[in-house]
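In what follows, structures are represented as structure tokens.
Look at the two complexes coming up: chain A is in both, with chain B in one and chain C in the other.
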Partner chain A sequence: MTRAGLIRAAVFFGLLLVMPFAIGPQWVMNLLIFTIMYAGLASSWNLVGGYAGYPSLGHAAFFGVGAYSVALIFRDSVGDGYAPFFVLPLIGIGAALLSVPIGWIAMRTRADVFAIVTITLLFVAQSLAYNLRDLTGGAQGMGVAVPPFPIETYTWPFYYAMLVLLAVAMGISFYFRRSKIGLSLSAVRADEDKAHGVGVHVGAVKVLAFAVSVGVVAMIGGVWAFYIGFIYPAFAVDPLITIGMVLMTFLGGRATLWGPVIGAFILVPAQQFFAYQFGASQFYLLAYAAIFLIIMLVLPRGILPTIAGRLSRWRLRRLGDVPIPDVATESDSEALAGQAADSEGKAR
Partner chain B sequence: MSALLEVAGLTKRFGGVTAVNDCSFSVEQGTITALIGPNGSGKTTAFNMITGYLKADSGGIRFDGHDVRKPDPARLYRAGLSRTFQQARIFPELSVRENLVVASGFGWADLFGRRVSGRDRASANETLDEFRLGALADLRAADLSYGQRKLLEFAAVLMSKPKLVLLDEPTAGVNPVMIDTMERHVRARHAEGVTFLIVEHDMQLVMRLCDPVIVLDRGAPIASGKPAEVQANPLVVDAYLGA
Partner chain C sequence: MHSLIQALILGILTSGVYALMASGQTLIFGIMKVINLAQGAFVVLSAYLSYSLLTAWGIDPFLSILITTPVLFALGVGIQWALLRPLHKDDAAELSLLVTFAVALGLEGLLSATYSTTFRSIQPGYENFSWTVLGYQVNAVRLFAFVLSLLMLAALYLLLQRTKFGRAIRATVQNPMAAQLLGVNSRLVAALGFGLGAATAAAAGAVFGIITPFNSGSHYDLISRLLTIVVLGGLGSIGGSIIAALVMGVGTALVSALASPIWSDFTFFVVLLLVLLLRPQGLLGAKIRGAL
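What follows is the complex of A and B.
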């Protein structure tokens, strides 16, 4: 890790660590918990949707798996209240294992077909949550036992649990970038057939990314259920959770370490702010969408990649002597046209 | 000499069009074999089937003394059969050096190791220097010119120490200097024992570089032999001029 990167991470997590001591109002704590939750979700989604370039819309299904797992285990009692947090890793591993055959099948499709296959997964999970009444309580929902945390610091354990999971998600993201897993995923995103053709273990690396990604999402879902205290199918397996992860990652910048986090820290407070401003009317959703549209118009590749691109171009101009051959030559456009024809000709 | 690659009765139909029709030929160990033919004669389709990118309707392939039952690009690549594409397929978002590392055929355990280890770096730099791409090692591959990309793709598929390299029109669309560069690199690697099978339209290059030459027409070989013999063959002249 570069020194600058280390300092950035230390400042970010240092600030968030002391935050509960600094803020009074309960609603700010609540907002921060949800912001950090979405930062964690988006960072996990980024492992598949960003690095591998597989736009999963089914991640909320695994959020639900985590949520219902916690609710089922701790329906009646949570003891001193900390047990659920220690069970989380098992839930994460369980969800990851469950996702291996699912990912293995789903990832035989690509791009938009993959998005449709995975969103189907989401609705299958939601239907199950509605209909397995004996297990999930169906539409009536199910409660989680209330932990005996002191009232003044009641939200703190949930806050720190979410923070730890964000650190886990970002740690994995960082590790992916630094290992050949990330190198292989970049190759898969750019040209999967070619990657396979130069011996990259594409199938394994895709399923690995998917499993790790949904494992973390399931753990976050578990903390969410425990925090909310009562879960319904409509909210535990919610397309809006999936959409949130995707939007935040796109906004901050796909396949970057900090992009999903920045996206979450903009969109979640904005959504809350507009919900507060416009009350119960649906205008807040319009305003929420407007922010997203404006930023994407100005910074189409997402915040971080656009800024990074501008910075490096600016640096190159200042150096002036770096030999960058002109990329947009005639032979290039021909090559691109040929490539399109080439890929049409391929059978699979 | 023995055959490194043998193709027997390879056939591929796309709807009503038979792109490759009962095609049989072999590539002898240690040769630079050319595969030529008019446009649409099935050269690239044959390449795609040999390397496992396309499933053959029928026919068999033998590589390096083994029957290839279900041709799979990754497995063949690790077994020593590399290829390049007509339109240089590189990974534009990776750096030039990473393009070589990703093609080095690393194993399962290496997945969890460093993105570019010291050893990767050393072996990639060695090849990059050989191809005079060393100065560009840290650039994004997207920033290279088209000719440089073709060179990069060629350099990258050599990272797995292949026995046989299939080049699909290595000099199409690049400048004359780059054609010479490409030829030099093929010759250098050939001298180290690598066998080549090259699809190429630049006849001057084929005549001075390759031996033997195999001519395909309508999906099947119509002639093969020394460049001069093939050039003098009336069947070949017919195929090209459509008489």
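What follows is the complex of A and C.
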């Protein structure tokens, strides 16, 4: 990690660590928890959707798996209240294992069909959550036992759990970028056939990214269920959660380390604002769709890669060199993976 | 045995509607290599339009198709022109998928704002009428729908096989570059093709609204079924999607009859996974794609 990167990470997490001590109002704390949650979700989605270029639309299914796992295990009692947090890694591993056969089959084909399989998975999961009444309580939903945390600091454990999971997601993301895995994924994203040809284990690396990604998502889902205390199929397996992850990643910049986080810190407060302004969910959906379309049409590469591209072109131009072609250069490590794929041009 | 055959009849009749929806979906993929996640929302939108035409002016849902088809066609062309065409070419496949998802969300929002989210169904007065043939119930609406779907599919076939526009579409499906070199206006074909795909949703929507209660969220369920059918049939193959619709229609009817309706959605997913495992190109995919 470069020194600037290290400082950036230290400042970011340092600020978030002390945040609960500085924040008074409950609603701000709540907003922060959801922002950090989405930052974690988007960072995890980015592992597959960004680095590998396989747009999964089914991550919310695994979010639901995590949520229902916590609800099922801790329906009646949670003891001192900290037990669910220690069970989370098991849930994550379980979800990851569950995803391996699905990922393996779905990724035999290309990104189009992968998206089809994952979106179908999402709706199957939702329909199962509705229909397996004995297990999930159906449309009536199911509750999680209330932990005996002190009132003043009730939200703190959830906050720090989400923060830890964000750190995990970003840590994995960082590790991917530095390791052979990330390079392999970038190669897959740029041109899968060529990647296969030069000896990248395309199948294994895709399934690995998918499993790790949904494992973290399931853990976040578990904390979410514990935090809100009562879950329904419509919210635990919600297409909007998937869309949230995708949208934030796209907004901030796919295949970057900080892009998904930036996207979440912009969109979640905006989303809460819309929900507050418009109340009824209809307009909220419309606003969401509108933002989505605007991002896709105006800023398809996302904030970070766009800025990085501009910056490097500007730097080069200042050197008074030859005319600059309109391709992204790789000067900023931030946008490396994404730009590599962009300038390669995908042959799909 | 009786209930099994009854389920079979129901399945075959229902599959006609799905074949119609899926043929539009697969046509769009064939021409533009775009998976249209909004096809289900188009169907639900047309169902609402037919519903409104019936409740406001008493127009029979089967007649309302004459009105909704041009509307949906225009909507499809508009969406392609305004939202899909401008996408950057390198990312087009991935972005268009998400754009159509956004369109679906937007339509859902619009519809739930206009009609609220209570379940509706189109009730022209004859929705429960059925004939008894050899002791089996044959629902009139489903039979009409089946016949209508066959007629529409035949019209689509004629359009693709016998007209210049159809030839341009088929050429684009087979080889976009070559088609363009031979003077096919690929942008126009893409826009009109997307409109055509959306237009098939109009007829399907009217029928869907009669045989199933629906609300603005119904498109999620529809789209996962449609996508399974399209993948099973082989992406881009209209003939394949018709066969696949028949297979899935009968399959789910049998599962509903033998086990429980709860598992019929699940059947779709299992079939999808099996297809990808055993024959990723689908029943009539890849080799004869575009041959219809």
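One rule holds in what follows: the second predicted complex is superposed on the first by the 295 of 348 C-alpha atoms of A that agree within 3 Å, B and C clash if a C-alpha of one lies under 4 Å from a C-alpha of the other, contacts with A are read in each partner's own complex, and residues count from 1 in each chain.
Throughout what follows, a residue touches a chain if its C-beta (ideal position, glycine included) is under 8 Å from a C-beta of that chain, and two chains touch if they have at least 3 such contacts.
Owing to the predicted nature of the structure, the values given are computational and were not obtained by experimental measurement.
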{"item": "Touching partner for A:S186 - first (chain B), second (chain C), both, neither", "value": "first"}
{"item": "Touching partner for A:A290 - first (chain B), second (chain C), both, neither", "value": "second"}
{"item": "Partner chain in contact with A:F250 - chain B first, chain C second, else both or neither", "value": "second"}
{"item": "Which superposed partner A:T2 touches (first chain B, second chain C, both, neither)", "value": "neither"}
{"item": "Chain B versus chain C as contact partner of A:V117, first or second or both or neither", "value": "second"}
{"item": "First, second, both or neither for A:A204, with chain B first and chain C second", "value": "first"}
{"item": "Touching partner for A:R177 - first (chain B), second (chain C), both, neither", "value": "first"}
{"item": "First (chain B), second (chain C), both or neither touched by A:H196", "value": "first"}
{"item": "Common ground on chain A, meaning residues reached by chain C in one complex and by chain B in the other", "value": "342, 346"}
{"item": "Footprint of chain C on chain A - complex, ascending", "value": "53, 55, 57, 102, 105-106, 108-109, 111-113, 115-117, 119-124, 126-128, 131-132, 239, 243, 246, 250, 280-286, 288-290, 292-293, 296-297, 300, 342, 345-346, 348"}
{"item": "Chain B - residues contacting chain A, complex", "value": "48, 51-55, 73-74, 77-78, 82-83, 85-89, 91-94, 98, 101-103, 105-106, 108, 110-116, 135-136, 139, 142-148, 156-157, 160, 173-174"}
{"item": "Sites on chain A touched by chain B in the complex", "value": "177-184, 186-187, 189-191, 193-202, 204-205, 208, 323-327, 329, 331-332, 334-336, 338-339, 342, 346-347"}
{"item": "Complex contact set, residues of chain C against chain A", "value": "29, 33, 35, 37, 83, 86-88, 90-91, 93-95, 97-99, 101-103, 105-106, 108-110, 112-113, 220-221, 223-224, 227-228, 230-231, 235, 262, 265-266, 268-269, 272-273, 276-277, 280"}
